[in-house]
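Down below is the structure, laid out as C-alpha cells.
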Amino acid sequence: MPYVNIKIAGPEPTKEQKDQVFKEVTETLVRVLGKKKEAVMIFIETHDAGNIGVGGESVEDKRKGMK
Amino acid sequence: MPYVNIKIAGPEPTKEQKDQVFKEVTETLVRVLGKKKEAVMIFIETHDAGNIGVGGESVEDKRKGMK
Amino acid sequence: MPYVNIKIAGPEPTKEQKDQVFKEVTETLVRVLGKKKEAVMIFIETHDAGNIGVGGESVEDKRKGMK
Amino acid sequence: MPYVNIKIAGPEPTKEQKDQVFKEVTETLVRVLGKKKEAVMIFIETHDAGNIGVGGESVEDKRKGMK
Amino acid sequence: MPYVNIKIAGPEPTKEQKDQVFKEVTETLVRVLGKKKEAVMIFIETHDAGNIGVGGESVEDKRKGMK
Amino acid sequence: MPYVNIKIAGPEPTKEQKDQVFKEVTETLVRVLGKKKEAVMIFIETHDAGNIGVGGESVEDKRKGMK
C-alpha cells in the first residue's frame, strides 16, 4: 500500500531512468520502512516546465533566465 | 465536495466506460456516505504503463513478463 | 494499479461506511474498466470542513449559513 | 514548501494566464500565510473535460447540455 | 471543477487565514482563467514539519538549523 | 521542483525513518534524474489502516485476517 506520486518537470526521463527510480524508491521503502515490495505503487508524472511555478514564476521562464 | 482522483494504467478507457465510472462512484458516495450528488467531483487520469511502478518494476515490463 | 484518492469533508464516516465504499468502488473499477481486484488501492481522507473551500467560502461556513 | 496542485478542465490556459496564476497564488500564500516566495511550488494540470465528472456526469456532457 | 490542493507545513493557519486563501485563490481562478466561482474546490492540508523533506532534510530540522 | 508524495498505512514511522526516506529518495532523484537537491520536496503522509482499501477490503481487516 505505499503509494508514491513523483511529479517532475520535463524533459521526460528515459525508460531506464524511470525503471531505476522504481527500483530504488521501492527498495528504500522496503528497507527503511519495512513495507512489502509488491505493495509499493509509484506514479511518475512529467509535466511541461510551463505548467510548473516556483517562487511565482514558471520553471520554463526560470530556465530561460539562466541561459 | 467529495473529490475523487482515479489514476489508472492505459489503455485509455472509452467515453462510455468513463461515464459509467462517474455515474457509479458518485452513486456510491451519495448512497453510502450521504454526500450531495452535484458536489461530487471525479478526475480520471490514464497514465502510460511505463510511468507506473509496482513492486519495483514498471507495469509495462510486468505486462510483457506475462506474455 | 488503480489508485483512488477520495477526499471528503467530515464528519468521519463509520468503519462500515468506509468498508462499503472500498467494496463498491473496487467492484466498479473491476467490472467497468476490467481492472484486477487485488490491484485496486483506495485512500479515504476526511478533512475538517474548515479546511475545504467551495465557491470561495469554507464548507464550514456554508453549512452554518444553511442552518 | 507550500505545494499547490491546480487541476482544471480544458481548454488549456495560455502561457500568460498560467504565469498570472503562478504570480497571484504565490503572492496570496506569501502575504496571507507568511510563506517564503521561493518555496512555493505550483503545478497546473489541464484535463480533458471528458475525464472529469461532476454530479455523476462528465463535464464534457454537461457543457454540451448547456448549448 | 477547478480542484486546488494546498499542502503546507505547520503551524496550522487560523480560520481567518484559511478563509482569506479560499477567497483570493478562487477570485484568481475566476478572473484569470474564467472559471465559475461556485465550481472552485480548494483543500488546505497542514502537515507536520517533520513529515516534509526539502533538499533531503526535514523542514523541521531545517528550521532548527536556522535558530 | 520534483514533488514527491508518499502515502503509507500506519503505524507512523519514526523521525529517523522519515529522515532516511527524505535523504535516500532525494539522492535517487538527484543521481538518476539529474534533479537539483534543494529543489526536491517530499511529503510523507501516514494514514490509518482503516482508511486504506486494497482489493476491496481495508488494510486494517486484511492485517487482522493474517493474524
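Note that the chains take the letters A, B, C, D, E and F in the order they are written out, and that residue 1 is the start of every chain.
As a working rule, a contact is a pair of C-beta atoms (placed from the backbone, for glycine too) under 8 Å apart; a residue touches a chain by one contact, two chains touch by 3 or more.
Computed from a predicted model, the values in this text were never measured in an experiment.
Engineer: Which chains make contact with subunit C and with subunit D at once?
Structural biologist: Of all the chains present, those in contact with both subunit C and subunit D are A, B, E, F.
Engineer: Could you find the chain whose CA centre sits the greatest distance from that of subunit B?
Structural biologist: Most remote chain from subunit B, centroid-wise, comes out as E.
Engineer: Comparing residue numbers, which of A-D, A-C or B-E shares more than half of the contact pairs of A-B?
Structural biologist: That interface is repeated by A-D.
Engineer: What's the call on subunit A versus subunit D, same or different interface residues, using the half cut on shared numbers?
Structural biologist: different
Engineer: Find the chain most remote from subunit D, comparing centres computed as mean CA coordinates.
Structural biologist: Greatest centre separation from subunit D goes to chain F.
Engineer: How far is the middle of subunit D from the middle of subunit F, if each middle is the mean of its Cα atoms, in Å?
Structural biologist: Each chain reduced to its C-alpha mean, subunit D and subunit F end up 25 Å apart.
Engineer: Roughly how far is subunit D from subunit E, centre to centre by C-alpha average, rounded to an integer in Å?
Structural biologist: Roughly 13 Å, centre to centre.
Engineer: Quick check: how many Å separate the C-alpha centres of subunit C and subunit E?
Structural biologist: Distance between chain centres, rounded to whole Å: 20 Å.
Engineer: Where in subunit E do residues touch two or more of the other chains?
Structural biologist: Counting only residues that touch two or more other chains, subunit E contributes 1, 3, 7, 21, 25, 39, 41, 43, 52, 54.
Engineer: What is the complete set of touching chain pairs?
Structural biologist: Touching chain pairs, listed by label, are A-B, A-C, A-D, A-F, B-C, B-D, B-E, C-E, C-F, D-E, D-F, E-F.
Engineer: Hey, which residues of subunit D end up touching subunit A in the complex?
Structural biologist: The contact residues of subunit D facing subunit A are 15, 18-19, 21-23, 25-27, 37-46.
Engineer: Give the list of subunit C residues in touch with subunit B in this complex.
Structural biologist: Checking each residue of subunit C against subunit B gives 1-9, 13, 17, 20-21, 24-25, 28-29, 32-33, 35, 39, 52, 54, 59.
Engineer: Using the touch definition up top, name the residues of subunit E that touch subunit B in the complex.
Structural biologist: Those residues of subunit E that touch subunit B are 1, 3, 41, 43.
Engineer: Would you mind writing out the residues of subunit B in touch with subunit A in their complex?
Structural biologist: 7, 47, 50-58, 61
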